[in-house]
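Dumping the structure here so I can ask a few things about it.
The chains carry the letters A, B, C and D, assigned in the order they are written, with residues numbered from 1 in each.
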Amino acid sequence: MGYNLRLTISCPDKRGLISALSSFVAMHDGNILSADQYVSDGERFFMRLEIEGKGFGLEREEFDAAFAPLARRHGMDWRTSHTDIPKRMSILVSRYDHCLIDILWRWDAGELDADIPLVVSNHPDLAPRVEAYGIPFHHLPVTKATKVEQEAEMLELLSEHEIDVVVLARYMQILGPDFIAAYPEGIINIHHSFLPAFVGADPYRRAHERGVKTIGATAHYVTEELDAGPIIHQDVAHVTHRATVEDLVRLGREVERRVLARAVHWRLEDRILLDGTRTVVFE
Amino acid sequence: MGYNLRLTISCPDKRGLISALSSFVAMHDGNILSADQYVSDGERFFMRLEIEGKGFGLEREEFDAAFAPLARRHGMDWRTSHTDIPKRMSILVSRYDHCLIDILWRWDAGELDADIPLVVSNHPDLAPRVEAYGIPFHHLPVTKATKVEQEAEMLELLSEHEIDVVVLARYMQILGPDFIAAYPEGIINIHHSFLPAFVGADPYRRAHERGVKTIGATAHYVTEELDAGPIIHQDVAHVTHRATVEDLVRLGREVERRVLARAVHWRLEDRILLDGTRTVVFE
Amino acid sequence: MGYNLRLTISCPDKRGLISALSSFVAMHDGNILSADQYVSDGERFFMRLEIEGKGFGLEREEFDAAFAPLARRHGMDWRTSHTDIPKRMSILVSRYDHCLIDILWRWDAGELDADIPLVVSNHPDLAPRVEAYGIPFHHLPVTKATKVEQEAEMLELLSEHEIDVVVLARYMQILGPDFIAAYPEGIINIHHSFLPAFVGADPYRRAHERGVKTIGATAHYVTEELDAGPIIHQDVAHVTHRATVEDLVRLGREVERRVLARAVHWRLEDRILLDGTRTVVFE
Amino acid sequence: MGYNLRLTISCPDKRGLISALSSFVAMHDGNILSADQYVSDGERFFMRLEIEGKGFGLEREEFDAAFAPLARRHGMDWRTSHTDIPKRMSILVSRYDHCLIDILWRWDAGELDADIPLVVSNHPDLAPRVEAYGIPFHHLPVTKATKVEQEAEMLELLSEHEIDVVVLARYMQILGPDFIAAYPEGIINIHHSFLPAFVGADPYRRAHERGVKTIGATAHYVTEELDAGPIIHQDVAHVTHRATVEDLVRLGREVERRVLARAVHWRLEDRILLDGTRTVVFE
């Protein structure tokens, strides 16, 4: 088989889980390429296994049936993915293009293993940028009055394209509960501050007013409460008193790009697991 | 003269200030060793000059009278210090010793140019640590009932020892307005988070709950509002989901030490100027 | 006047230079927007002044004649630039596009104040990428046999387009002495290691073999000796034992982009001065 | 049992190793608290397991006999340690005290789980510093003539005290091959540059001459070739043209302290495995 299998698991912790899982793999002649494990507060067990496809005794379509009894016995939440089937990712943007362009460039350079069947925006501005990469651009304008129906339409569009991974690359609309619920594995957002500082609008202006010496960006999963979802990655840049709000915006763009790209990279490699309001990231 | 002179200035911005200041120095045969300048929002002018004592035509005791007319004409706030007269610094601590020890070690290694006539604490625990450096330790226990009078006594003690620079190295008491007012140039505090996130008590526990991927520390000047004073320096450390609250405390100590030491270093070299609720730091 | 004037100076240090310079500006009713100064080892004086055009008493074409006597008396090397006249920049590339694209994106976003009349490459591959930004792309293939004449042609091309600033964005040819001599202010190169480690070819492979835990990139001016010119900026990324050579290349691209963009930004704002084999960077 | 067991393993990679190891633990009712695994270039397998002592069916003195057959079959290099038996660590120093003091402070604060039966120095200067922590200080002066015999004596001294872990905290002597051979698990050294740049003496002076914008420190295992051993950890600090050699030394001390302390921390928790000339660090 020309693919590898990734298996991510979380379940209540108990003795013998690693043994049970690795023995299951060994029993079917599987070779574990990488194994990461974590126990949260002694209570919940998390594991990510990458199993070589070559020589593995379970066909792709046999795996689920073979694994299900073990998973059920231990109460496991589990998912598989196959490295020969790229995830299907869509990016939502508004007018700022820096995060979008960075993702598209990395994707084009082979850094991000995904198909990108479409980019969706509530503004028409970035169409040429997206189409230059051969990716269809959908313009779905949103007003207060049309928000609910437009989100429903967007959901349908994403569903038609069988999108697995949704990334908000500075999408300047707050998503409604139905949209969020449709992606239980998590919609990735980039916020332009080191959360929990400067939740909400205009963080660079507020950072300047407060006179901070560090600005940052945070990639997190979207929840109904604004900027309060599980944090995936954060990074910062040092700034001095000389930096104007415009300088903070410029320097911040660099941090935002880097932080969001890293989070997307991990997501596409199934390295992010949810632990309540926190994330487990097997880097 | 075996000393250099440091002159720090802030005043309303206008044309010709650098010229007026540097010409004043040149007129008295002074050599400017370093000059830093900044204009805040086009409105307020800040400058720091270091003038070589050797060859300078103004004696120490003549400077003020010679400079005052110029300063008055431009509405300058100004201060001088002389590099042969170390500042007199006192450190206030409670029970955590990491920031204190780091400052004392750096001071002993010659990194911090100050006299330290005394360390004051509301707990007796750290006396041996301080006395090992040959520095007197004063124990001033504080209870709710005695707080006001104890602060008054502490102020008197610092005043007797002619203290210029007060540093709170994890001093776990909130200082009253009279104490704060007695040091208008600013009392330096270290807070164990990247402000404005996690103001107040227990920031590491709250950071862990929020699932942050970055922890930090902030050195700032004390104001009556808790953890809201002008920020001098901030730095961070990356953490993963594996870090327990105890790990955050341990990793955070390293950041706190580094951030506070840097702020104290700058303060002793007269590199920090106040710009309303922000600081200008001429690194 | 709708422009500001930048004046950069270096000369032997002596008393009164700041006074002489700022008085010259004041005499002509100039307003100094920013002033940076540095004395290298007590011997050489460096200064950068930004003077507001509005209200300044010297017309653009009068400045040189007015300033020359002062400059001559103090033995100053000096240059001026005007903020309403963008520098003319050309980028040389081969096949790797990450540094190029990053510069073009930043330029397009208004981060880099320059005209880019052409991009030159020894390979045809990146033509579409460059032309998408509306910038002409020149393909000048280079072989061992044709190198000297091709460099002469490139020089002529750059000269025709009145290029001030030459940037090598992973240009994989070693430039000859005539080319280097034609740009005495310095040709900016990005090297994919933290110099002086891993001079020359294949630094990521060698970094992997050495088992380093940090990789880096260095922006420097080109000299005849390979990777030995004055360093402008450096940054690093942490890596673990898990990183393959390919991972280092991927992570390194991010550092290279950031470091080169920063150096170009400083160059375009006249913030880099040469101090022998070192640079003075007034950030 | 009031202790946990740490088991570190390396062996040729093959299918089923994780299963074999975790099944061995499970068979004896062991609970795996943490598991880290890595395969180097598809050829060599590394694993670190932390097993809860409570409930584990193998007594401490039974473990080796029970595990040996499995280890032999797979050609494993393996080691165990028990968390109730602190490692025995000795620190070698010369005259610089910053790394030493930092380790002692962290040890005293409970960050480093070790016994420190003695500190050894070729100079008498730091005796009071060490003895203040209640640790015996041995002065073993070294001259060219006495080097071999002094090293032999030092080895005997360390052997008498049953030292497991040797740390060179800026010990300014090159150790001979017999000394190095006596600690096959590795002697930790701190070098004050980001290796492989500035191998050997005076790295800060040479860094200043080269005009670098970043300085660093490297913790590595000692080999006979100077500063060429496997790298454990590296970090850097940014510097500007304003930094003198003395400033680099001062700023570098901070990086050295941090990097060495981190390496020692990992060593004491059995997180560092050797992979030829590289290290595997299970952070």
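Couple of notes before you dig in:
The rule we apply is simple: a residue touches a chain if its C-beta (ideal position, glycine included) is under 8 Å from a C-beta of that chain, and two chains touch if they have at least 3 such contacts.
No experiment lies behind these values; they were computed from the predicted model shown.
Between A-B and A-D, more contacting C-beta pairs join the chains of A-B. Ranked by distance of CA centroids from chain D, the top chain is C.
Centroids built from CA atoms put chain D at 37 Å from chain A.
Computed centre separation for the pair chain A/chain B is 42 angstrom, with centres defined by C-alpha atoms. Across the assembly, chain D contributes residues 38 that each touch 2 or more other chains. Residues of chain A touching chain C in their complex: 97-98, 101, 105, 109, 111, 132, 250, 253-254, 258. For chain D in complex with chain A, the residues that touch the partner chain are 15-16, 18-20, 22-23, 25-26, 29-39, 55.
Those residues of chain D that touch chain C in the complex are listed here as 38, 40, 194-198, 209-214, 216, 230-236, 238, 240-242, 275, 277-281, 283.
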